[in-house]
Amino acid sequence: MVLLWLLIVPLVASPLAFFLRRRAVMERVNLVAFAVLSCLGAILTAQVLRRGSVSFWNGFFYADALSALVVLLTSFVSLVCSIYAVGYFRQDEKSGVFQEKSELQPLLVVPKLREYYSLTPLFVFSMVLVALANNLGILWVAIEGTTLASVFLVMFYGRETSLEAAWKYAIIGGVGLSMALFGTLLTYYSAHRVIGTDTLSGLNWSVLVGNAVQFDKPTMRLAFILILLGYGTKAGIAPMHTWKPDAYSEAPIPAAAMLAAGVLNCALYGLVRFYILTSRCLGPEFASHLLILFGLLSMAVAVPFILVQKNFRRMLAYSSIDHSGIMVLALGFGGPLGVLGMLLHMTFHSITKPLLFFCAGNVQQHLKTELFREAKGGLVHSMPLTGAAFLMVTVAVTGAPPFSLFLSEFTILRAGFSGGHFALAILFVTFLVAIFSGFLIHIANLVLGSDPGLPPGETCRWKKFSIVGLASVIILIGFWIPAPLFRLIQGAADLVTGAR
Amino acid sequence: MHLLQDAAFGDRIITLMAALVLVLQIAAVGQRWIVSSIRIFAVQSFLLAAIAGIIAYFNHANHIYVAAFLTLVIKAGLLPWLLEGLVEKIRIRREIEPLINAPLSILISGCLTLVGYVVASSFYHPEETAGRAALGHNTLAVAVALFLIGFFTILNRRKALTQVLGLLSLENGLFLAAISLTYGMPLVVELGIFFDVLVGVLVLGILVFRIREAFDSMDVSKLRKLRE
Amino acid sequence: MNTFPVATIFALSLAAYSAGALLSLATWRRPALCRYVCCSSALAGAVFGGLAAVLGVLQRTPVHWSVSSGIPLFAYSFNYDALAGFFNLTLAILAAAVSIYSFSYLKEFEGKRNIGFFGFLFHLLLLSLTVVFTAASAFFFLIGWEVMALVAYGLVTFYHEDRETRRAGLLYIVMAHVDAGCLLLGFALLMHVSGSADFASFPTAALQLSSTQQAAAFVLFFLGFGIKAGVIPFHIWLPAAHPVAPSNISALLSGIVLKAGIYGMVRIFLDGLGVLPSWAGLLVLVVGVASAVLGVLYALMEHDLKRLLAYHSIENIGIILIGLGAALVFRVAGHPQLAAVALIAALFHILNHAIFKCLLFLGAGSVLHSTGTRNMEELGGLIRPMPVTAFCFLIGAVAISGLPPLNGFVSEWLTYQSLLAGFGATGGLTRILFPLAGSMLALTGALAAACFVKAFAITFLALPRSAASGNAHEVPRSMLIGMGWLAMACAALGLGASWFLPVFGPLTEQVLGQSVGANLITGRGFVVSTGLGHGGTVSTAVIGIGLLVLVIPAVLLVSIAGKRFSPRRGPTWDCGLPGLSAGNEYTATAFTKPLRMIFSVLYQPRREIQSVFDVSPYFPKEIRFESEIEPTFEKRLYVPLKDFLLRVAIKMRAIQAGSIHVYLAYIFITLVLLLLFGVRR
Amino acid sequence: MIGLLAKTGLQLALLLLIAPLLGGIMKTLKARLQTRRGPGVLQCYRDLFKLFRKGMVIPEAASWIFSATPYIVFVTAALVGLMIPMTATDAPLSLFGGVLAVVYLLALGRFFLALGGLDAGSSFGGLGSSREMTISAIAEPAMMLAIFTVALAANSTNLSEMANVAVSQSWKFLAPSQMLAFAALFIVLIAETGRIPVDNPATHLELTMIHEAMILEYSGPYLALIEYGASLKQLVLMSLVVNTFFPFGLSSNWTLHGLLLGLLFYLAKMLLLACLIVLVETSNAKLRLFRVPELLMVSFILGALALISTFLF
């Protein structure tokens, strides 16, 4: 039942926000909806921890530890983002971003906000659906849904550049997802002689996973390749990552944060589902070789762009490319440690990433630029809180202790060693160090420095609150992890490795 | 009369149609006029619908009728109509030179067809060729080729609209693969996919429209502001 | 011995540090109060820490306790053994001095800078150091290690308005992260073999290491800890970062944070990696010698007081490494007694260097505080306005030059002894290395003496060279107390060495299973020997007494033979040149000119002289002289590396050229290739 | 304890007595070799006596360091003198400080002497200090190598032990390692005691001064103390050389007869070494300052050879 509510809440929130066209109301609708969603996520977690798996409509909707984790993270991210969004858009409105004549037509405030506040719930809905759909076809449909819902968010500001970004996002995403669909099709084909096609449940993951062993092997190989490329595109794995910097730097901050911390998980979730089938059918080697290749490639691609980056919004995108690379690599390393590391990383990444976007958003709104060159440093004088948080989260997101991402990266490294990939592990650490250096150098030069004499920039209470709150969560999670959460992650890991 | 029960006959028909589809696709690669490439797409979709119908008829799989019907309505009817409307609205009829000139593109699509055959043969199961259940199995190669060529069209064409067309024909390839391999997906999935395609085209259409207004051209190779 | 108090008292010190961090952050709006809170809590933590350390060193059985984080295998586990105790003792002595000193030093921050934030970082630094020295698991160690680096970065860039400071800070943090990466790999390797993160599990695991794995681990750890300790050629961050920090922090950085690297080496090389092959020890030895000699040679050319001290840290780290390397070699050669002596030499020099380097940095801080410049060429004559500071600095200078009867001499003496014995203890041609290392050590000592003659004389003696140093004033009392406490420690550890050395007994017993601390002492307890029955003896106590007693005949000679002993003040004769002015004085540059010419191969000095004249070139109006030496490692090694990386990165940017067709082409090509790869059987 | 004090007193007296005499002897010898009459053997006593009785001027720029320096120089030299065997193998204080302590105590004296030179603020003082510290620094490694070579034979840095071992195995000094070490140490000795060809004790030409430049500002009793300290240092270093390499006649105990015999041998050996030094001094010209490193490099190489030859032969 809770599954149904998880889907209904955002689905209702969207039209509500659309028709109650007053700003304050729309804000409240979003906040309430996502708060409720988070509670439901917690409840789902509790149920899953108790019963192992929850299903509804004879297994059309199905939630195990893995899906519960993704739902929990999605709801958390959407809640945090909705809190920040309030302050963010108020500031936009104050500084008259909407009024200024854009290339198309003078954008009116309310319609724009309406666009955001009614699309976001749909966006979240499709993300939740991704996690809850048992049928792999529906899974695909839902992921396609996230693209469609977010295209308009990407071109929210209606600049030429945002149109360009939206176009690249849509086309590359569309192509990628059609590959994923092909992969799904082939999986269905390789399974259909075992299960039979006519039944509706013929694509249900919970059914497929049982007898994945008897699937048709060559078909499965091709299927996994296509799935990897397809969902990899959505997760932004190199060389399918190219849409990311554009989309992330053009979308409004809360939407970008959701893309980075929410959609990423969904895409990887789909990948993991198929990885389970593939490794059951073909054994782990075939999949893990490909995964390691693409993971390292993504990290390698991210490094130079972070080292010589001019634009801090784009820099965040490359960081998320790097992180999806890390997770894919972890999955490739495999073994209980590798999978655990990947899921830990997914969790910690989704908790940490939004703050990075929020800080960047504050800076951008305050300085009216997203180029380091024009920012001229000394930020800490005009926005001490944001500056400090920015430095902190930079360190946190690049996986330095005492922050939580260090735990996951340490686990992944150990997985690499126990998998016997010594050289790869060294490469992994080298990339991590390089990315840390590049990131910190840029951000430190942005935050520190002599006072450029700007007016104090931290006025909005909502933004302050979201930043302080999230920062304290990040610090806390670095030192201590709630036992249920870890049990959930562990459960998901066992699911993937087939230990349970 | 007995002809209409003979699976072999149906198989031949299907193969013939599939070949036609492929020819159309390759023709679309060389095509200059947007409107005519839209029409080509419409015809292609119609043929697909027909194939679906034949398969449905020959092994009495009723849910494929639905798929066939949907294809007929949406892909062969609705979408071409919408797109032509769009063309009318933005008054850009002619595709400027593709990135790779026509002969070379056609050559490449030939190679891609070859790749399609290689891929398809890798999981082709001869024991299934006998009997009506195997209807249309050897159209798989065509499907894969369709997919690849559609992809190639997208990255070869400069106009936003023709990229959308490429995406659609790529979807067609998937559809052909679906019906020929497994007689379609479960119905829910089919519906979902069709819905997505529809919405996707609408979204892209809006995008095309806005791009046209912002840049007063549809040449996406001009969209190069966002770069390192 | 009852181990209960150690744990509790230690916990108290941790609590004091953490509470101090939060409180000073909480009270940042009221600077004066904040200053009180900050310094007093740090002092309390230091006192508790020192107390726990003394007990911890003396106790035979280590104390071990652990706190769980949410994730299994990642536990916050402490292990308080003799080694941890020793390093905590060092930390406590320094922390006490610095927190007393800071009490007045921080006054100048009031109204200008956020003392609360400073106090926060300061306490975190002390806390993380304590954690590093007591962590029982690699995971916890790494956390402490990295927190230490990050906090140190925060403190180094405390004056971040200055561009140089920011650059130095970044250089520091990047190097620090590189070393963290090396450690991460090393520990991951060990954990892969041992299957546990506990240090305790490493020695047994090390037995299963293949020789290549062991070598790899050794290299990784040596890189990691070496970068942190600032050994040549990984030292470039050190002279950049230490001087720009606030002086009380520079004192801690050079005094104890560097030692964290040495701590790691002792912990891992002697305990964690099993018995290392002798090449490892010799490598450490050679690197140590190189660091010592090059460090002091670069220090000689520095005229920035704090940079000079920073380079001397490199030198002393080198001396410590010499002892450590010798210990490693002796252990594998089967001379545990000898290894123990060498190890004691290294450890004792760690303590000594910590104390006098901290003292010297605090002294430099006082000079900076009252004159506002670190450039020695603008100083001079400070001994009259600030006599106490001058005296403390002199003590430090004598101690760091390894001159008797102060503490630096004892540890260097032990180092010499172990090197001397090393010649007999090892075979083959490598044995030549030991006496040669000894002679290089002698060179280092003499050059250090020269350098500190320069540092002290140019800064404190003769006439002031600028108005700033002309109207300097003595610093407030608490700063003097802080320095005086360390000066006393120098004297005490020097003269009382023979009573202090037995402390190392349990330490060497724990690390090497050899307790030689006791039999280092002969002759009624005030003579230090090698404890090997041969090698020689020395007694700083007697030397001290002798120096005092022999003053009597000197005074007698002067006052009896010289009936009319009547010192008359007069102008400096200066070979009859009239009117001595600061312009006549020898400058620091002039003082080191001979050495600059002798070692010109290393320095590659560049000088330019412009003389401005109106009538004839023989009567110049003014002469502008400018001389600088080439920073070899930066110029030859690091800058090219950096440039290469950036060039490659900039080339790589072509990937993201903005054309959607190219982007799609990437995907398409990948797809086709993978499909063909997928279908091959 | 009493015995120790007695020995100490005795050796101290001996040191203070002989030191100026040695200087005088060397002056005279040198004069004779240059076919001058030269001053009497007792000239140094007279000089010291005169200086002690003179009044003195302390520069206004100078601080207490300036006044402390003479005492420290004198005291360190005297203390070192008590650690090395002169007439008997076991020096009074040899237990409390071996050859390393000797080297470092002398370094302590030099440290303060250099400070004193800079304290007055005159450019000559600075010049002297700079040169002194430089030369001593580059002399150090050679000295340490040579000392190590000798110490390795005795397996101890304790001077009495070294002397004992040397006595026990006679003609040992003919071993190539010992000869090489002696050559090395002899060069160092010349550098350390500031004699031609490294430094000229008799000059006051500003460009060539080293030691003299440092003490330029000193006068009266302080100058006397410093000169006395310098002569003590010279005596100490010379007796260090003779007694470690040529330990003939060193009495192994403090009997009167043994002591007298030892004293005779000791004086004879010192005289020989003095002659050698003077010979070198008169037969060489002073080197340019920047040629000195080459000389010391030679001695370093000699030391290294000595070391290698210890286990080759």
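Order of writing sets the chain letters: A, B, C and D. Residues in each chain are counted from 1.
By definition in this document, a contact is a pair of C-beta atoms (placed from the backbone, for glycine too) under 8 Å apart; a residue touches a chain by one contact, two chains touch by 3 or more.
All figures in this text were calculated on a predicted structure; none of them were measured in a lab.
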Minimum number of chain-to-chain touching steps separating subunit B from subunit D: 2
Far-end chain from subunit D, centres as C-alpha averages: B
Chain pair with more C-beta contacts, C-D versus B-C: C-D
Geometric centre distance via CA averages, subunit C-subunit B, whole Å: 71
Chain centre separation (subunit A, subunit D; CA means) in Å: 79
CA centroid of subunit C to CA centroid of subunit D, Å: 35
Between subunit C and subunit A, distance of the C-alpha-averaged centres to the nearest whole Å: 44
Multi-partner residues of subunit A (each touching 2 or more other chains): 167-168, 171, 175, 218, 222, 245, 305
Multi-chain contact residues (two or more partners), subunit B: 119, 122, 151, 154, 220, 223-226, 228
Pairs of chains in contact (touch as defined earlier), listed by label: A-B, A-C, B-C, C-D
Contacting residues of subunit C [partner subunit A, same complex]: 69-71, 74, 139, 142-143, 145-147, 150, 157, 160-161, 163, 166, 169-170, 173-174, 177-178, 180-181, 184-185, 188-189, 191-192, 645-646, 648-650, 652-653, 655-656, 660, 663-664, 666-667, 670-671, 674-675, 677-679, 681
Subunit C-facing residues of subunit A, complex: 167-168, 171-172, 175-176, 179, 218, 221-222, 225-226, 229, 233, 239-240, 242-243, 245, 290, 301, 303-305, 307-308, 344, 378, 380, 395, 400-402, 406-407, 410, 413-414, 416-418, 422, 425-426, 429-430, 432-433, 436-437, 440-441, 444-445, 448-451, 479-483, 485-486
Parts of subunit B lying in touch with subunit C, wherever the complex brings them together: 99, 112, 115, 118-119, 121-122, 148, 151-152, 154-156, 158, 220-221, 223-228
Complex contact set, residues of subunit A against subunit B: 103-104, 135, 137-138, 140-141, 144-145, 148, 151-152, 155, 158, 160-161, 163-168, 170-171, 174-175, 178, 181-182, 185-186, 188-190, 192, 197, 199-200, 202-203, 216, 218-219, 222, 245-246, 249-250, 305, 310, 314
Subunit C residues within the subunit B interface of the complex: 653, 655-661, 664-665, 668, 671-672, 675-676, 678-679
